[in-house]
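What follows is chain A paired twice: with chain B in the first complex and chain C in the second.
Let's look at the complex of A and B:
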């Protein structure tokens, strides 16, 4: 951002092609992801997002973000900041606790889940939604159960820190407070609301 | 094709939709918890489903098929008007067949036909706070929800039993969602309460005047409050539907011109489907089958 030529050198990428209908479709996929946790959802026809944003991350922020939703980026990026500011006018904050949406692009070095807004006992909705970019999804992994899941199912999420599921249990323990997570890889999304229980064994619990 | 010229798709502006969408995402993450939202003025008065309409407008897309029912019927004023509203402002397909719909907006009923995972049920809610008649201050009810202290409601149900010998609440019967939040299911008859439990469809609730949205995700535990010695039970009728002979649906009592009475299904689509399948009651002749 200090170099005035950097923006000229890389022109701003376009946002959603058809903002009204595209953001509706993105929202419905995210709604489905959070109401059917631990199930793989895929978005299609997404615009290119500036690094470090994956396509689904960019689409989710364009669909849900505006001047009311502070965003915290784990890795500050001029290109992403300029793109987000221009297309949806989100304020970018430097304090993780202030953010309504959090972008984690390097889960291995992420702050603890308790570093983000947890909500208040009387307003548990005032908590952060984390968008965590992971390397991919595989069929086998921890066992998920809870609201939105008919019978317990498995999905593996690659690229998480080894103690991630233990910290998720801490997040579960303070329910109905706590953060909600959207795992993203490319155009794929998996939802993990605070209501979901995870059973893991230490062998499959990590990376 | 974007519907009415001069208006955004589905009436609401995009910023409002985003705000409601964010509230809905938190609502599904905290089943049964009432999320505050900035309810907008709608082109119809409070009490006519402004909350449900704002939820529907925020989730509706071009490919959706919308069904609107009022007390189970597709043909009553509220249902006809809301269906026409979305037909004009969003140009979406509408239907009165439960199984064809992707979004069903409802006032005070849940359809008799089982719903599926691809459907969303949107409830119009007049009073989202189940304890509002027992404790009028929101600051207090919020604290009670935070502490999961629902003794007040149990005392109310107990007083019913002490006074009438049974729990006298027959509609808007309080439920506990996912074992945590006490929730008003909107004024559906308690007959419909079992359908809330482990429903394959996502259920969203919108209260326009009270500015709250809440949700029951699919496959979520929903228990109607009761006591071990006074278990929850639903309404039963001596009669069957006079038009389709159904003995498993919620019946409305209709006063006839001649002074008589008949009982008919409140769910008009269910009744029509059964009649088309050849079921007849005492008050009609078999449907003509067109050649």
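Let's look at the complex of A and C:
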């Protein structure tokens, strides 16, 4: 632990109540979210996370993060940094490209998807996973298809930049490289792996 | 903080390391008894869990002869926990083995000792007796070992 005085500044929040079983449950839900893309998944009994983290964001980072997974926060926050360091020991990096997990809490001002680790041709798995905090999910929206979706599925994601789906298609074009995304709002999660195609029109949040 | 009469960060760390080490080596029964004492004088902190006790393995590393290259000595089971008091102070407990209550006791005393108003008092009423008891046990053990020493004589033969 570093300087004890820095811990006095603000009380820390507890992490997962039962770290072993709770993180297994969170992991299972995130796995389902990425294997059945564009479907709403909900996590339950989550601990309180420090701002700007939503409950599901905090739980996802506690379940997935450890000393080998650098994290980049779009909005640096002392409370979130202290909490993440204490409970899962993740290194926080200042360069988006170095991060394996990226927290986007203000999607409207986010860097382009190409700013994050895209993976290597030999190791496509060395790409970043983005956790994007959005304002909410609605049933109507762009049409998604691809692995894990029987024919096609619709879901609307509120609070994304107007050209987001076009940049997603660019990300889709460089497959098997590219980033994967977990959209989070409160306790809800929607997965969007790099293998998912999107069809959008101007009315459903596209350009 | 008063910069003049407080030890610097490194010395402060050394003092805390010392009490954490003594608490971790102390017999849990003795800690329970001491906790009863500080509870009676209202020095026991009010706490909430930050990290509930969990037992895991840690790799113990060592150096040959204390100065050589590092090597892995072996794994040891360790139980750890963290408590927090109302002021946001964090008390941590790391003990060898699987004794959950022992780890909790270490964290409780760690919190109590971080309160600078009672620190000097607790160092004499809690930590000093622990050191004395440990030295005493060690002393007894080495005396017992010394009593069984066999002196070999080489007899001169014709």
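The rule is short, and it goes like this: the second predicted complex is superposed on the first by the 197 of 207 C-alpha atoms of A that agree within 3 Å, B and C clash if a C-alpha of one lies under 4 Å from a C-alpha of the other, contacts with A are read in each partner's own complex, and residues count from 1 in each chain.
Convention: a contact is a pair of C-beta atoms (placed from the backbone, for glycine too) under 8 Å apart; a residue touches a chain by one contact, two chains touch by 3 or more.
Quick caveat: nothing in here was measured; it's all calculated off a predicted structure.
With both structures placed on the common chain, the touch criterion links A:22 to neither chain B nor chain C. Of the two partner chains, neither chain B nor chain C is touched by A:105. When the two complexes are overlaid on their common chain A, residue A:124 makes contact with chain B while staying clear of chain C.
Within the superposed three-chain model, A:149 lies in touch with chain B and out of touch with chain C [touch as defined at top].
Looking at the shared chain after the overlay, A:64 reaches chain B, while chain C stays out of its contact range.
Using the contact criterion defined above for the overlaid structures, shared-chain residue A:11 touches chain C, although it does not reach chain B.
Measured by the number of chain A residues touched, the leading partner among chain B and chain C is B. By the touch criterion stated above, A:36 is placed in contact with chain B alone, chain C being left untouched.
Applying the stated contact rule after C-alpha superposition, one finds that A:193 touches chain B and leaves chain C untouched. Of the two partner chains, chain C is the only one that A:87 touches; chain B does not reach it. Overlaid on A, the two complexes show chain B and chain C touching the same residues of chain A, namely 19-20.
Put simply, chain A touches chain B in their complex at residues 19-21, 23-25, 27-28, 30-31, 34-36, 63-66, 68-69, 100, 121-125, 127, 129, 146-150, 175-176, 180, 193-195. Those residues of chain C that touch chain A in the shared complex are 9, 12, 16, 48-52, 54, 82, 84, 87-90, 92, 114. Residue ranges on chain B touching chain A, taken from their complex, read 2, 8-9, 14-15, 17-19, 21-31, 33, 35-36, 58-62, 117, 142-143, 145-147, 178, 180-181, 198, 200, 202, 215, 217-221. Across the complex, chain A meets chain C through its residues 1, 3-4, 7-12, 14-15, 17-20, 86-87.
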